[in-house]
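Heads up, there are several structures right after this.
Both of the next two complexes hold chain A, though its partner changes from chain B to chain C.
Presenting the complex of A and B:
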């Protein structure tokens, strides 16, 4: 592998890793604050992608579709939390698993009912299409750089929100001592709704922005969900910093292994996870 | 003491196996329904093994289908392609090898618990899925075919012909009965009592000098090799194995069936499998989007029917039961 190919793969790996971080951060945030494992998180990624397809076709503008789909995702998050997740706070893990599996079934059938089972695609918006020259011969698509930039913006704003704002203070407090936060007069149920909606929004956002670079197929949500599990397990459940580091590692390992070790490429991230678990059963950054 | 935990269990088990024994007489020649029943019974064995693991030890796995698939693959890979092998000997091989794999996997996953274990079991099952889906040698996505079914002679005497649907049905029914009896014996043994105690209060069990890890590992290995046995039967019935047998939704659906039946009740696994598959069959005929109704039903069940149909039956019959 020569240097330029190495560089392109590195960019691809980082871009994939950042996208994984976007999804995994939502999963780990919801778990960290609310103690809920949302298996339907991957379905929200899928729904985001399909909504982006729908509204891009309808309005003709990807950016308009971006805004509409994002708002719908937030709304879906609020509705699910208010009507379903709210019953799970005093239940065990198994009930969380089963209820969110039920949600996956529902979202999958909605997807196949509305959009059918044939693969669909979204065109890269004209403004971001095209490539930039990295060297004389190597070009890199602008849209992928846009995704990476967007993910970095989200990561930085999450960092600032959690560490510098009042909402972030409540989130951090909710992670360490839920009962105390409640006793201090914070409206915990409102906080939970906000956090869950943010989680759903992050997953959908990832779906929306990756719609132009992946093909939209049934089951895309589950595939992403399981990759996110690997990220979260490696990074340490509930740790956003851990999710960031682990997502980059997983993205890069996945990308390079498909070039260097194609025979085991789809297994590589799971092997990595198993290895890390043997050394650190709680992940790299345990809270 | 009685092997049954409560009256409704006793009535259900008697009714089920008596009806199960005679039903082929009424379905004479209708291989469609006989095959359907065999499939559900195989599923019930798989769900029962999961029900024991989740309901009795409290360890939640979303990767149980990994062993279901492995059971089929172990047989298909080991057995010579065009030669009938002995069913019982290969049952032993399948369970032994899958048990050994479960031992190694258990050493990794049982180091964790709760949410972690759910995610790790799912990820490892997915890894195995990809291993078979990507391997050219084992047929990739299409899997492998079984051209010759095993023969079932013991000391030269053969009662069952696996090519015959009705014979195969009786083999499945017998297997389900053995599986049920096995778990009942385990649950009433001192091993089973310790496992129950660990679920109730792990700290106290540790304080009493029991090594939690060992007990959990044994339960994990037992449940996994029975799941592999179910997968082996499934592969024999349909004549093929493919990576789809290990897919996450098989594990998740089995959990739903165990919940429907009443977690940890063991016989509830039979109820859960029949109710779920019955509903599936019925709704699928009405609409292509049956998953929507199944999903809604699962959510309603989780939010309302806490003890499953087994608990519901028990309440109906006015029994107090053991839980």
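Presenting the complex of A and C:
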């Protein structure tokens, strides 16, 4: 492998890693703040992608579809938290699993009922289609670079929100001591609604921006969920910084292993997870 | 304790009686007014649900053409959802075969499920008709007298492309597929005829199933610069691969060839990226055969949507049942006689007429197709009346 090829593969890895971060960030945020493990996170990714398909077909504009789908996702997040998740705060993790697995089945049925079982696709918006020449022989799709840029924007905004704003302060306080925050007069239930809605929004956002480069098929959410868990577990449950670092590591390891060690590439990221957990049982960044 | 014992004693005779009744009813099955039982084992939920639905539609269309009665006997369907899970196959098969005494079992879509079914139906008094699952072994090493296939073997769908690719002037080719049975069998069949013609497979890439992150592989293909690429992907993976291939700017430089599943039922989702992709398969929606035109018209009238390959294969399973039971004048109790009829039949399929090989796989024509305006258009016949080598079959 020569240097330019090596660098292009690095770009592939980073780009994949950033996308993984976008998908996983909402999962780890919700767990970190609320202690809720939302197994239906992958379903939100799927719903985002299908909504993007639906509104792109309806309006003819991907950017319009982007805004509408994102808003609907926020709304779905608020509704789910207000009517379902709210009953779980005083219960154990098994009840969370039961409810959120149930949601997976419901969203899969909705998907199958509304959009059918054939694979669907969304065209890359004209403004971002085409590719850039990286070397004499290798071109890179502009849309993928756009996704990477968007992921970086999301990562930076999350960092700034959590570390520099009042909402972020409350989130951080809620993470470390929920009871104390409540006693200090912060409306914790409103905070939880906001955080959960953001979590759902982030998953859907990943689905929306991925729609033009993936195929929309039944069960696409579950597949994503597994990679998501690997990222969250390696990074440390609940740690956003951890998820960012872990996503990049997973993306790069997965990319290079599929080229250099194809025999073990199907298990490379799980091996990585096992090794990291051996050394750091709580993940890279313990929350 | 005593109560339990009592309860058991009263249940026991009832159980025995029930067994006797069910036994006598199976012996009674030869009567001409009894229904012909057709077990249907297809995925009606999960990733393959769409394929299951098309197959069932086709099957029912064929029997509807007979007024749902064959040689005076009504047809009864017993439908089971396999969920495309191989682990469920033995249990469902034995319930259809041993409890329901199905005369025929039509299914499945998924090759893993097919292997489980074959093991359970081996030596039993039911005839299995596979309407899709293409694993070579089903009519190869694991072939059975009571197992027929109306679809294809993986080998048949990829073997003809090797010679075609070489004739198109491609000498160095990269092959790629998911690392699972259907994919590996397709690459092997392509490799067999391509190297025999004089070509060289410079690299074989196997992607873990069901991974669809193809960027690193495409980057490598770009750096190898082969004359062409031959791939096996199906369904959602096929959509993603063809779009990624185009987005990386490879389509204009390195022609993309594939087993027909790459562009079967996926071109709409692939959009312009699929234009010009060349594949081989035993069917094409646009096939200019009278039977195909009439079949597709009727299908659309019945179900309100266009027919696809899976509907054709289900339809032919239905035609096979109808023709065989007609030939035995409604007698389904003598399975050996029924099988003998099936082996001699010629099926007037929308893909063109075919009959069965000794291993019970269709001897059929494979077409070379190219995507033009979103449709698989037949360029020419790749190989006429191609018979699967049925390696390891002793029938």
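Simple rule for what comes next: the second predicted complex is superposed on the first by the 287 of 287 C-alpha atoms of A that agree within 3 Å, B and C clash if a C-alpha of one lies under 4 Å from a C-alpha of the other, contacts with A are read in each partner's own complex, and residues count from 1 in each chain.
Definition applied: contacts are C-beta pairs under 8 Å (C-beta built on N, C-alpha and C of every residue); 3 or more make two chains touch, one makes a residue touch a chain.
Since the structure is predicted, the reported quantities are computational estimates derived from the model, not experimental observations.
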item	value
Partner chain in contact with A:259 - chain B first, chain C second, else both or neither	second
Chain B versus chain C as contact partner of A:37, first or second or both or neither	first
Chain B versus chain C as contact partner of A:220, first or second or both or neither	second
Contacts of A:121 with chain B and chain C, given as first, second, both or neither	second
Partner chain(s) touched by A:112 [first = chain B, second = chain C, both, neither]	both
Which superposed partner A:281 touches (first chain B, second chain C, both, neither)	first
Chain B and chain C footprints on chain A, overlapping residues	112, 265-266
Complex contact set, residues of chain A against chain C	5, 8-9, 12-13, 15-16, 112, 116-121, 123-124, 131, 137-141, 143-144, 213-220, 223, 254-256, 258-259, 262, 265-266
Residues of chain C that touch chain A when the two form their complex	45-47, 49-50, 53, 179, 205-213, 215-217, 219-220, 222-223, 225, 235-240, 243-244, 247-249, 265-266, 268-271
List of chain A residues in touch with chain B within their complex	31, 37, 84, 87, 93-95, 97-99, 101-106, 108-110, 112-113, 222, 226, 229-230, 232-233, 237, 263-267, 270-271, 273-274, 277-278, 281-282
Residues on chain B engaged by chain A in the complex (per definition of touch)	54, 60, 62, 108, 111-112, 114-116, 118-120, 122-124, 126-127, 130-131, 133-134, 248-249, 252, 255-256, 259, 263, 289-292, 294-299, 301-303
